[in-house]
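Going in written order, the chains are labelled A, B and C, and every chain counts its residues from 1.
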Amino acid sequence: MSDFELSRRRFLQMAGSSAAALAVAACVPSVPGSEEGDPMVEVRVVSHYAQGLTPRERLETDRWDPPSALWDLEAAYKETHPNVDLEFVESVSSGYDEWMVTQLTAGTAPEILWYQRGWIARDYEKNWFNNLDPYLSQPNPYVEGYDSWEDTFQGPVIASGTAPDGHIYLITGDIVGTGFFYNKTRFDEVGVSVPDIWSDYLGVQQTLADAGTTPFSVSYHLEGGTPLYGSWTTRVFQDVLYDHKMAQISGGAPVSRTWKPGEGLQPPVMVRAIRDGNYAATDPEWLEMLRLMKEWSVHYPEGFWALPSEDVFRLWAEGDAAVAWLGSWMNKPVRNDPLIDFEWGIFPKMPTVTTTTSPYGGLGFPAMAGVGGVFQYITTAVAQERGTLDDTIDWLQFLTAPPNLISALNDHGGFAPGVKDTTGADPTLSVYTDMLVDFGAERIEPFDSMLTREFVDAMWRNLQQFMAGELNVEEMSVTMQREMEMASQQLLNEHPDWAEA
Amino acid sequence: MGGPTRVLLFPDSPDAVTETLATPLETRSVATPSLVSRIRQYQVAYLWLAPTFLLLFIFNYYPAASALYHGFFQWNGANVKLWVGISNFVELWSDVLWWESFRNLMILTVALVAINLTFPLGAAALIFHLWNLRMAYFYRVLLVVPMVVPGLVILMIWKFIYSPNIGLLNQTLALVGLENLQRFWLGDFQLALYAIIFVGFPWVAGIGTLIYLAGFQAIPTELLDSAVIDGASVRQRFLFVELPLILAQIKLVVILTVITAFQNFTIVLVMTAGGPGTKTLVPGLHLYKTAMAYNRMGYACAIGTVLFALTLILTYLNHRYLRSSVEFSGA
Amino acid sequence: MAPDFALATGRRHTARHDLPIHIVLTFLAVVTFFPFVFLLISSFRPTVDFTHTFWGFPQVPEWANYRDAWKIISPYMLNSLIVSGVSMVGVLGIASVSSFVFARFRFPGREMLFMAILALLMIPSILTLIPAFLLIKELNLINTHWALILPYIAGGQVFAIFILRSFIASLPEELFEASRLDGASTFQMFWHIALPLSKPMLITVAIMNVLSTWNDYIWPLVTIPSQKLWTISLGIVSFGSQYGGLERWGPMFAGYVIASIPLIILFTLTMRYFIAGLTSGAIKA
């Protein structure tokens, strides 16, 4: 609650200054608050599917306070916007694809929808959601000291919502951090410590295995495991291994780990790189990634490609595995589990692959943090038809004002703020934001949003087979190269303008 | 018609029933009347069918026709809808995933038909052969109860039974000293599909067993009595008297099994997502992915159309070649 | 039939004859019920235990799972009762009429129309999800229980007609003949002969229908945005999570058990007819 009090005070402070900002910035959508008190004004409803942030009451079996910050923020918002009603759509934990696709197809979707950046390339031309550039380029009336709304976010965080046409359609406000959660007690018993470099790390794992402990808990189950762990692994490895080729792939300047909107390796860039042979699954760098992954997997649990992803945590919590690849969303479950009877910690960073391990090594890994968790929202096109788009944008601007965003994320407890000003963020969460600041974000995302959804699935299918030993390195790289060429050719056919930068 | 008449749950053809069991209400027309006059004669029948077909046309035929129609389009579910003729079907012909999933579906269908021809049939036969009627009733009740629990939660439990490390199956095998039988089950490239088939073992709870029981109970007592008098053993009685008499039920179960096998993909979606690799991918899941994840609605409709056509053909073949025991039905 | 021998041979003889059968059937029942017993046991397990003692017994039963599950899903119970109840009555009403017509009239096109109905069983439901949803939207039924009830009636009658038709066809013609001689109308024959005699089968159809509508998930999810109108299966899912590890397993399992209770009550009340409908194919002439 104290977090909320804080955000409320700060909100009131800001409300005053934002009124002034409004008067100046005429382009900013009108804030309906100016009409308050007029009984004739119709109340407009903005409905918001907030996914994990959807507020709910605490139940008896809850081990910690469930998310409720949006109710508090709603109350604060209503004080200045009495003619806007907010409606939080109940969380949909299964069948979300069907729900989203049908609602968007029929135009019955809420104004604000939780969405993932990997879907943007598939949907951005369908006129399902709005280009937010006009709003992002203007100041956020609820934030002082920044030239634009866009500028209040960490570069790669807001840039992740960019579509192949260069416009931003998705407001991303948070960071999902991942980390190697290790069993300190077990590490001490076996006499190993957190390694700095990859070759030491393989040694630590061998020692743990020799002592009868599974060294690393991870899953490549196709339902849950591969899309998560396969995605993170390939991203961070390729960021390191392809570092020297970044300029060649981008067809211009090398991409930095603090890339900003327009600098990322968007599908059109990747399609050209694949066409011109600057990026291929048969590259030595690609093969090197496969070699490293395979070498590492010796220490994964037996049958890890069939391990239900829920068991990744279970193996570790029961003490069967010494390290588990978990993340910020497990913050509360881990801290509120009285049955975890060992001391634990998180690797401060992923051990570096040095040049002795790999000819393409040497550079430290980027942050093991991805952008976008619970706070990735699109504004649907129907908001415009319903005449609620301005209210929708205003509510999002209010929500992303750092104190408000941080109070919502602290309250949820599983995701770190993706804004520049992290004052007041829960330290167990801000560690992930710091990681992003210190190590930067990965620049290349080989699968999730590189080409088509069909390609993503093909990748996971084949990666699972490769990791399970059904495909060898050659077969894997040849198959993936073929899939890559097919998908990029398909995209080129659909978007002839992508052929030239 | 001295003995009990029996229900044919799936008679050879609708006509067979009326010819052997029931005569039409209106039998006055002796001379062959024109079609128009016959239609007029039966207007009440059409009138009574109107509510059924009205609802079916709105809520079933129209969406189905719309889906089949869209199989000829490139359609993204939003603003692109282009007529592409049969090119979706041509693409399907060379779609590797389609053929993989089709191969899996064939194995799955054959296995499920084999299962449904044995386990539920065996259970029904055992219950039928119980002398203690009260116990027979008790078992029937028992087999019905599991039908009330949603399948989804049961699938989640099976997923954890199969988990390679802390799954119940492997742990139990270790407990009884059979470590060498431990497998990765849903992660085994040769076994995964069979592990999926094994879900629901021993497959006796549900409608199949009840349909067979219906068949057994409808067998005229005289036939069983005379078999006993002729000195038939239990095995002979089962093979030569009872089995031929429940062919109609067998046929019904086979048809329902085939239809379910062709449509159900929830089990694969929940347990393996089609993996490992494509070893448990089925056409239904391929369709689902194509529609919901790739938003290639037109192509998805084409897959659905082909699935529908295949089900129709299989049902027809089953209907045609699995001769039912219609000759006994008038007993 | 088998029981005749039983009467002739006495109780002890019966027990000896039945023993091997009991052994096999008990084995089948135990294995069949394992997941269900596990569901029941797990519904008393504190959520945190799902991480640690997944297969064991909970040390202290967590009744709070049930209190929480009840708190969340009970408001939806009434909705589910309305939707499944009205759908069931609709299916019975419409399907019994059509089944009667299909079974007792030899009108031109009968076989073709019947096959047209049967063909609907073979259309994959995922295929028609989007067209059906767009239709419901065009009809302005989104966010009403009619969005569920009407398609449930339309779809539910297919299997109902499939089963009821052959049942009514098997009713002895003498009964109809006699009442026709007494001057009964077609409606009277339907109402006074076909319907009462079909009671076990009607109840069977009713239960099968309730089973399929009660647990339906995707269709209500997409057509009913307003939480007030949700059905029970939607309520339970709120215990899940899109993030692995954040599921509230305990109340979720308790929710599944609670949601099954009305069906079990329904079963218990109608078991006699349901079993009879599905298993006693014989009607004495």
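Everything that follows uses one rule, which is that a contact is a pair of C-beta atoms (placed from the backbone, for glycine too) under 8 Å apart; a residue touches a chain by one contact, two chains touch by 3 or more.
Since the structure is predicted, the reported quantities are computational estimates derived from the model, not experimental observations.
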item: Graph class of chain-chain contacts, one of line, ring, star, complete, other; value: complete
item: Pair of chains joined by more contacts [C-beta pairs], B-C or A-B; value: B-C
item: Rounded Å distance between chain A and chain B, as computed from the means of their C-alpha atoms; value: 43
item: Whole-Å gap separating chain B and chain C, where each centre is the average of the chain's CA atoms; value: 16
item: For chain C, residues contacting two or more additional chains; value: 54, 129-130, 217
item: Contacts with 2+ other chains: residues of chain A; value: 98, 101, 105, 310, 314, 318
item: Touching two or more other chains - residue numbers and ranges from chain B; value: 77, 160, 166, 291
item: Residues of chain B touching chain C in the complex; value: 1-2, 4-11, 13-15, 17-18, 21-26, 35, 38-39, 41-42, 44-46, 48-49, 51-53, 55-56, 58-64, 66-67, 70, 77, 123, 126-133, 135, 137, 139-154, 157-158, 160, 166, 168, 171, 201-202, 204-205, 207, 210-211, 213-215, 217-219, 221, 224-225, 228, 259, 262-263, 265, 284, 287-288, 291, 297, 300-301, 304-305, 307-308, 311-312, 315
item: Chain B-touching residues of chain C, taken from the complex the two chains share; value: 1-6, 9, 13-15, 17-18, 21-22, 24-25, 28-29, 31-33, 35-36, 38-39, 54-55, 94-95, 97-98, 100-108, 110-111, 113-114, 117-132, 135, 150-151, 153-155, 157-158, 161, 163, 165-167, 169-174, 176, 180, 186, 189, 208, 211, 215, 217, 233, 253, 256, 259-260, 263-264, 267, 271, 274-275, 278-285
item: Chain A residues touching chain B - in the complex, by the definition given at the top; value: 97-98, 101, 104-105, 122-123, 125-128, 214, 221-223, 226, 301-308, 310-311, 314-315, 318, 320, 452-454, 457, 461-462, 464-465, 468, 470
item: Chain A to chain C touching residues, read off their complex; value: 51-52, 56, 59-63, 89-96, 98-99, 101-103, 105-108, 110, 224, 309-310, 312-314, 317-318, 326, 329-330, 332-333, 336-339, 414
item: Interface residues, chain B side, partner chain A - complex; value: 76-80, 159-160, 162-166, 184-189, 269-278, 289, 291-295
